[in-house]
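Submitted below is the structure of interest, expressed as structure tokens.
Which chain is which? They are A, B, C and D, in the order written, and residues in each are numbered from 1.
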Amino acid sequence: MSDFTPNEMMTIAAARALSNDDVCFVGIGAPSAACNLARLTHAPDITLIYESGTIGTAPSVLPLSIGDGELCKTAITTVSVPEMFRYWLQGGRVTVGFLGAAQLDKFGNINTTVVGDYDKPKTRLPGGGGAPEIASNCGEIFITLKQAPRAMVERIDFVTSMGHGKGGDDRAKHGLKTKGPTMLITDLAVWKPDPVSKEFTVATLHPGVTREQMQESCGWTIRYGDDLGETPAPTAEELEVLRDLNARTKAAHGG
Amino acid sequence: MSDFTPNEMMTIAAARALSNDDVCFVGIGAPSAACNLARLTHAPDITLIYESGTIGTAPSVLPLSIGDGELCKTAITTVSVPEMFRYWLQGGRVTVGFLGAAQLDKFGNINTTVVGDYDKPKTRLPGGGGAPEIASNCGEIFITLKQAPRAMVERIDFVTSMGHGKGGDDRAKHGLKTKGPTMLITDLAVWKPDPVSKEFTVATLHPGVTREQMQESCGWTIRYGDDLGETPAPTAEELEVLRDLNARTKAAHGG
Amino acid sequence: MAKICSLAEAVESCIGDGDVVAMEGFTHLIPHAAAHEVIRQGRKDLTLIRMTPDLIYDQLIGMGCARKLIFSYAGNPGVGLLRRMRDAVENAWPKPLEIEEHSHAAMANAYEAGAAGLPMAVFRGYIGAELKRVNPNIKSVTCPFTGEELAAVPAIRPDVTFIHAQKATRRGDVLVEGILGVQKEAVLAAKRAVVTVEEIVEDFDDVHPNACVLPSWTVTAIAHVPGGANPSYAAGYYDRDNSFYIAWDKIASDRDAFTAWMKENVLEAGPDIFAERVKGL
Amino acid sequence: MAKICSLAEAVESCIGDGDVVAMEGFTHLIPHAAAHEVIRQGRKDLTLIRMTPDLIYDQLIGMGCARKLIFSYAGNPGVGLLRRMRDAVENAWPKPLEIEEHSHAAMANAYEAGAAGLPMAVFRGYIGAELKRVNPNIKSVTCPFTGEELAAVPAIRPDVTFIHAQKATRRGDVLVEGILGVQKEAVLAAKRAVVTVEEIVEDFDDVHPNACVLPSWTVTAIAHVPGGANPSYAAGYYDRDNSFYIAWDKIASDRDAFTAWMKENVLEAGPDIFAERVKGL
């Protein structure tokens, strides 16, 4: 099979990592597509939570914003934002949090705040939003990202959200009991942290992706797992459901 | 007029102290009767809050408990108990709190916890409930009480709720900006704190009450205000509305 | 995901001797049937937590199930004192009862902190009040911005919470309406939660989007026990049996009368008697 | 008690130059019409607080109304960056903008603490995160029971809060339904509160007992502005105008295009244009 895009592969690989029992804190974009794809395929009872306060949503089309009306209409309940962050996220009720990144280092630390110096930024980015506490309070974190040298860097300019810090047991030293980033799903590969160093290593390459492509799109020297494999290509069902979802979304949100 | 009971006089005197703009934190018993009497006479827009979370209630009969269904049915909104204590009481949104007392001293400090030693009580009373924070967070406090020597004592066995502490500016020394007890309404008199010492002094005696009756029913040496007056007797309207309310209540709650 | 099962099974699987237990319901929706099942199954050495330990805790204490009580107002609401609790505190009958006493504000905040996954609750409380002197679990923190000293109490984190609610769906979502008390917080703060309900329905069609719903995955077990809050009430189903609250004062005033009542109405009865009791209320 | 009046009168009487202002609405119910009225009336030196300072704050900042922004996520939701805010931060156009940056959890907790009358919010946050280094308003407190270090931020206490809601009654009670955001907290935390509504009704008949209602005495002024949340949405009334959020990216990308748009659609318009805009949405 070759009739799928890298973006579809990324979304499908992320969806596969989710199970029926998961409670996911969902962000807009790739995470939202992945979570809803999981719900529409192998994990029909997965619980999706958006930070707008909507719990147990089942949108028929993907929301454009974190607070679309569709999320509330299909939710089991909708709570206030303070309650969302206190009882549900900080309360330890979320098993998987999804995060994206403008800059990412090999230990899964994330920058979405500034490029350059904080006080005199080259580029002012949107900021952390929910990310700093999603990163620490969810059971584990999946990161999704399109690989690019300026996104995957040796040293990020600002630590918006802690991943594995300096690696090793740095999270535990910070008093954290949650697992932190356990998976990085890109348009080219699936990465997992080394059990000891916590450095992201490549677990599987998406079909057709070469090591040259990988290194060209990553700012640090890539390590590969000993049992490097290939990400299974999207199945016909996965592709069909994802494309249907995207088509419905496009039709619903119009021009 | 003499066809009213001391209890009716107490309730009516307390009702008169309330205004249309007040937001009252209401306890069961005499306070509930007084607040609803005020609502049914001169203060139709008064806001009544019960600690069960019911805000802006207008019960047609007096509730037997703090969480009767009638309170919720007639409320503008019903919130959770944590919200009640955080946003509404501690948030400083209540102008008048009513408290009763098993023991009261002349500075308005209240005991509803134990008679005797805390660890080996002669009598274990119900405890503070909402009172400790009602006493500190409401704009001002009205206390209602039937006078008796064992209720009005020189020294209470346990300070459940702070009134004026040791008197004078003791509340301010505790960092409190609220007024504390500004009125004590009993079956025999209306008392107000001395502006400087904060000791309760008698402002008005209810019709027909003598100084001898007063001192016999009070464990501390009573001080009278320089401009001691007589509490105006209940009007026909006040009595009628109160008795109607009590009759409706009795009929509704049955045997 | 919540398991829908019998009350006996729910109690059997969710609570053990020595557990820290919260049974909540603020006048409304008090889980009487569940408390009776705990008594019937003979649990002991429980630490009981409840803002207003009214009749159900008087019964648990009088039957010797408790070793400790954490509370903020121990009264029979609208009637008077709790006579079995008093007998335990004053005379150690049937056994001694350790007490940890707070204010309502402290308990409400402590449940909130438990639901929020925090180790403590911070609030403006206990100012000039003497409970601080006798309860070592009342401490303080200083605001790093203003220097104000605020009260701090430990978060409540029960091993198991029991509540009664109006409805559950077959998939196990629970709906609570009207006077909510601290039930949502008590469930979210607990390791396990048992809910008795008036009704099990297919779906909460047309329920308000902001209604208090506890999703299935926050609840351990659900038992269908119509009338299970009696003599408390369930808004939309039946009223409060005020006369029983008055009657309880007499029953509880005498050790033998109490024991006889418990034998007849709890030990030798089952949860199905509750549906009978609320007929006509 | 809330006064029901025109939006111009509400803004005139409730907000002054230099005020600390919160305009809330989490994607849903964002008070666009109110923000435009504040711009029209030329308020300046405002400290603007908002979790997600999207289009309305981009507009206020671009028009030079603000001297400081307190926020947690500055993006055009689903589209990209806020170009006017970036121009102020990076190039001081039209004037410099001081920023105080938090996380969502911090802001949500800070609003909650403001509503609760506390000086600070305590939560488990900012662990390993660098905002602590650049924001002196992020401190910590230590739990006296467990020794855990928790994050602390000052409570938010605005001089005035603006929100948009679905309905108010003639006596001034306000109903908010659906995605609630932090609106209730923002109103209760503020000295004054202005609410624009879709509809003014006699009564909230049959509203759910636990629906989010702000009683009249918690609100200062109410103005009837149908469509006042557009291009955001009001559940039950009209949908989000997604195309405008995309269009804004282009308008805001150029100083002249921005200035021209504001002149035509804000300075030379009035709140009544909002009703027109939501027809068909």
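FYI, a residue touches a chain if its C-beta (ideal position, glycine included) is under 8 Å from a C-beta of that chain, and two chains touch if they have at least 3 such contacts.
The structure presented is a predicted model; accordingly, all values stated were derived computationally and were not measured.
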Practice task
Sort out for me whether A-C or A-D is joined by the greater number of C-beta contact pairs.
Solution key: A-D
Problem - Cα-centroid distance, chain A relative to chain D, in whole angstrom - result: 28
Fill in the blank from the handout: Taking each chain's centre as the mean of its CA atoms, chain A sits from chain B at a distance in Å of 57
Problem - Rounded Å distance, chain B centre to chain D centre (Cα mean) - result: 40
Handout entry: Where chain C touches two or more other chains, by residue
Key = 112, 116-118, 123-124, 148, 178, 180, 184-185, 209-212, 235
Fill in the blank from the handout: Residue numbers in chain B touching two or more further chains are 72, 78-79, 86, 90, 137
Fill in the blank from the handout: Chain pairs satisfying touch are A-C, A-D, B-C, B-D, C-D
Completion exercise
Listed in rising order, the residues of chain C that touch chain B in the complex are 26-28, 51-52, 71-75, 77-78, 81-82, 85-86, 89-90, 101, 103-105, 108-109, 111-112, 123-131, 134, 148-149, 178-182, 184-185, 212, 233, 235, 239-240, 242-243, 245
Problem - chain C partner contacts - residues on chain D that touch it in the complex - result: 116-120, 122-124, 137, 139-146, 148, 150, 152, 154, 177-178, 180, 207-212, 235
Completion exercise
Counting only contacts in the complex, chain A reaches chain C at residues 21, 23, 45, 47, 55-56, 72-73, 75-79, 86-87, 90-93, 137
Exercise for the section: Sort out for me which residues of chain B touch chain C in the complex. Expected result: 28, 51-54, 64-69, 71-72, 78-82, 84-86, 89-90, 113, 118-119, 121, 123-133, 135-137, 158-162, 165, 170-171, 174-176, 253-255
Completion exercise
Given the complex, residues on chain D that touch chain B span 1, 112, 115-118, 173, 184-185, 188, 209-213, 215, 217-218
